[in-house]
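In what follows, chain A forms one complex with chain B and a second complex with chain C.
What follows is the complex of A and B.
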């Protein structure tokens, strides 16, 4: 017995690629005529319409006093509060009997950027920074020592203030 | 004072206490802590800090709980509005001149001023416009630094030196808000027990130079232990940080050391952190020692002991635990055994104000325990015998090179040691054991009180407690001999053969110890 196959008539109008291609081209040419919104980062960095929040919590910065020494007194609160356990602190005493950190290291890879260290610091020494460009060629470079933390120049974060919840 | 009990109600809780008890102690029994600074159970009470003011019904004014004795039917309110207000005011006065340098203060985290201000102090100062008084830091003595700015003038240190140490070198100088703790001219705080003023100080005013800036209070792990410095057996706490012992502090035990500890004991912790330890069992292979696993080492011990008979000598340290001493003695039971401990001596330094408390001449903690487990003090005789013995076991004692030369003539020399001494290269078997800071064990002090110390840090490498080493070797030597699984089992097992230790368990010793019958009679 012969097998009969039902042959459908193809809807040539609906499946024509020419129509779809023209539609796509129209969108393309429309955007070619509009002003560009893409910024050529990192070659180009806009200063005004591409700022980040003052409350941004990025890599740390250690503030210094007038004489250029770190404000840190090695009280040990930041390693204690740090949920990621990324701060290493060894306290010591200088020639004037002041307590200061012999070793202060932050492993920025381990850090979760919660900002607790800044919040807990009684001396307003350690801060998280408004900064996002942290690329390095070596993993080891992500452990910031005291000297490096002091050398950072980026602005420091303004943490969220519970008494002024909507303020910046 | 009679023994009659009186009933007082403290914050709604009724307690019965002996007549003559101060209110503050009665409140403690009711589970209520009356905040206080100048009061200390081991010192006379001057009631100067005014912190323990409580409201007593029918009394016209608030009364200091530290010097008010209980009377029958008294109703006391520790946390009433009037009492809380009084304490808040006292704290406000104390903080007028307090520098609030908690971030750099060693006491932060264990400071009573910090605690009470946090609990019931004012949130902010009302004296912001006035400069705080300032006095320079003073060096009081070998280990004590006085930081007058932090001082709240509770005078505990003055009273300790006066009434307990009975060497009154401290005083309160000046008056009013200029007052500070002074030291007499040309005097230093170098009394053997002077270090206690650091513990007594409720704030960070008197600090230990040794501990200064070393660790924060909240970083420390605290372990109940016994001081291994002398035969007094003071109870102490080992504070460790990251597996390193950073300080020793006294732990209250009213029957032994009350709240105190001598400076010699306090400073004697550096050996616990030594790095030059034996970390693996070593057995002789040809002319040198070779590191092996525990099974091979213990088999070698058992084989050696099985082959030998005749004389055996144990040269032990009286710093070893009763368990270790007993188990090592048991290991060599089949021999004609001579066992001795070395007892190093030093000067005796009593604490005048407390009966039966001194830094003792015998500078090891477990001489009584060693005597109970079959050891003698005849070290020289034992050393003499060692040269001709079949087996010599050296337990936790550092022999001098000369002594070791005399010992090595013996058939087999087995060393159970902690520190890797050059002389041990000549031994046949060297087994690494834990120090007292690294094991659970017990000591018997000179008054026959058996006390438990607990493990404060991990032992390095393959080191194991000496009782384990001896018992495991014993298990391999004699088929069917029971081997204790824990130090607690070991003391129970020793109790079965040593009448004086019968019935002794870690549970019954608890945190304050238990008297046992010693060689020189039953403990009082």
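What follows is the complex of A and C.
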């Protein structure tokens, strides 16, 4: 059987190129008079009609306790689970036997922002943040040390939608 | 050299510099306007960082293009590759010299400069760099030379996309050159002369030719779009098909030259449309400006010319950001199967009409003559735009006769 192609008959009697062109011109002219919808980003940051999701996974933040020390107990779960191997953790122990991180560094260039570190953390210490302005002048500045992670103030990710915790 | 000739020479040089400068500056501002207009059509803001409201954007672009590295493909033909931008640029700039941009200016001076001698000028100075007696024939001739720049650019780049762009440009520009030339013959019939000055003078006494020669105006405008390679006829560029067409391999100032050429071509076509169909620098319904003289008249008519030209430039951009690009075969079909036929038939109809109205009926009032041609054009426009325009002008993507094995359903 021959291969057939279904061809629809063109409605040649109903279409008019001139009228269609004029219609298009009218439409674009209307748009010329409408106000622009551009948000001029660095100067203008709209909080109302444009917000990022609470589930956004951005650069990290280390939460602290009331005395300003990091909540981290240097258990080693986050470097273990990290798929990008971007967390460097050297544990230390104080005279009371409490473990704390001697060195805690995250290489934000290696990080894939999966959020596993936050999920695995038993102390709710390390979090991925709802934050996106990360520009720096040097590459070295993208390795965040403990002090810097603690100094971040942006909100932390919820990782899931509180109204839909099972992701349904 | 006589003092009179020296005076003439001095004024000509001044006019040349002024026109050249004005065209280049307008090209720069037009690039900004194009971007602004496209932004407004798309509900955006457009460039607004350089200078107040983005006014310094063209200067920034120019500076960037001057300082950028120029890349030449290894297998390009170096001589032609370098020459092509100039070959596109020069004809585009040349054309601005033959279009009258204001009423004649009565200017009298008589002074002596050491070493150079005496300069004298008496009477009216036409505000046109070269008042050529061949008028728009010169424009038609030179604007077709501009195609060489594009074809050679496409060929010398040694790039298949550029080559295709160049080929398309030559086919398209040659095809629409014909329609453009034919569409101007009714103007010649009505005005009796090809010189721009005479055509404007004829329009001042009667009606602007846009009404009595509406279809000529239509064909001319469409061919103008095609000649300047503007959308919807930007086949040579066609970035979605040919990368950037003929100038894909060009960078820095050489690319800029093509850009300037395109915009200068736009200015020329807009100015020609204004001159041939919208009375040039004529201010409508008044007679005080018709002969020129004082500086006020020159300034007012110049302003009239500039604002009319500006309207057409905006129309060019408006159309560009509205209509999608034609398919290549549709461009050819529209040019060869519709525009040329329309222009040819129109010549015959208008020649008959002129014979009947002016010889047989013997009308002499220019307004009466204009009105009768306008009435004829309303009928013709109805025939073309309403009766003919039923999918008959441009064939669709489906061949009229189905190929073997194609089942037509409807």
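By our rule, the second predicted complex is superposed on the first by the 129 of 168 C-alpha atoms of A that agree within 3 Å, B and C clash if a C-alpha of one lies under 4 Å from a C-alpha of the other, contacts with A are read in each partner's own complex, and residues count from 1 in each chain.
The rule is short, and it goes like this: contacts are C-beta pairs under 8 Å (C-beta built on N, C-alpha and C of every residue); 3 or more make two chains touch, one makes a residue touch a chain.
This structure is a prediction, so every number in the text was calculated from the model and none was measured.
Participant: Touch test for A:32: chain B only (first), chain C only (second), both, or neither?
Facilitator: second
Participant: According to the contact criterion defined above, which of chain B and chain C contacts more residues of chain A?
Facilitator: Per-residue touch count on chain A favours C.
Participant: Check the residue A:74 against both partner chains and state whether it touches chain B (first), chain C (second), both, or neither.
Facilitator: first
Participant: Between chain B and chain C, whom does A:93 touch in the aligned arrangement: first, second, both, or neither?
Facilitator: It touches chain B, and chain C stays clear.
Participant: Does the superposition put A:163 against chain B (first), chain C (second), both, or neither?
Facilitator: Neither partner.
Participant: Of the two partner chains, chain B (first) and chain C (second), which one does A:122 touch, if any: first, second, both, or neither?
Facilitator: In the superposition, A:122 touches chain B alone.
Participant: Touching A:16 in the superposition: chain B (first), chain C (second), both, neither?
Facilitator: A:16 sits against chain C, while chain B stays out of touch.
Participant: Give one of first, second, both or neither to describe whether A:153 is in contact with chain B, with chain C, with both, or with none.
Facilitator: A:153 contacts neither chain B nor chain C.
Participant: Take the contacts of chain A with chain B and those with chain C, and give the residues found in both.
Facilitator: The overlap between the chain B and chain C interfaces on chain A is empty, containing no residue.
Participant: Would you mind writing out the residues of chain A in touch with chain B in their complex?
Facilitator: Residues 73-77, 80, 91-93, 97-99, 122-123.
Participant: So in the complex, the part of chain A that touches chain C is made up of which residues?
Facilitator: It is residues 2-19, 21, 24-25, 27-29, 31-32, 34-38, 40 of chain A that touch chain C.
Participant: Quick one: in the complex, what on chain B touches chain A?
Facilitator: 102-104, 108, 137, 212-214, 216, 218-219
Participant: Going by the contact rule at the top, pick out the chain C residues touching chain A in the complex.
Facilitator: On the chain C side, the touching residues are 37, 39-45, 318-319, 321-323, 385-386, 389-394, 396, 398, 402, 404-410.
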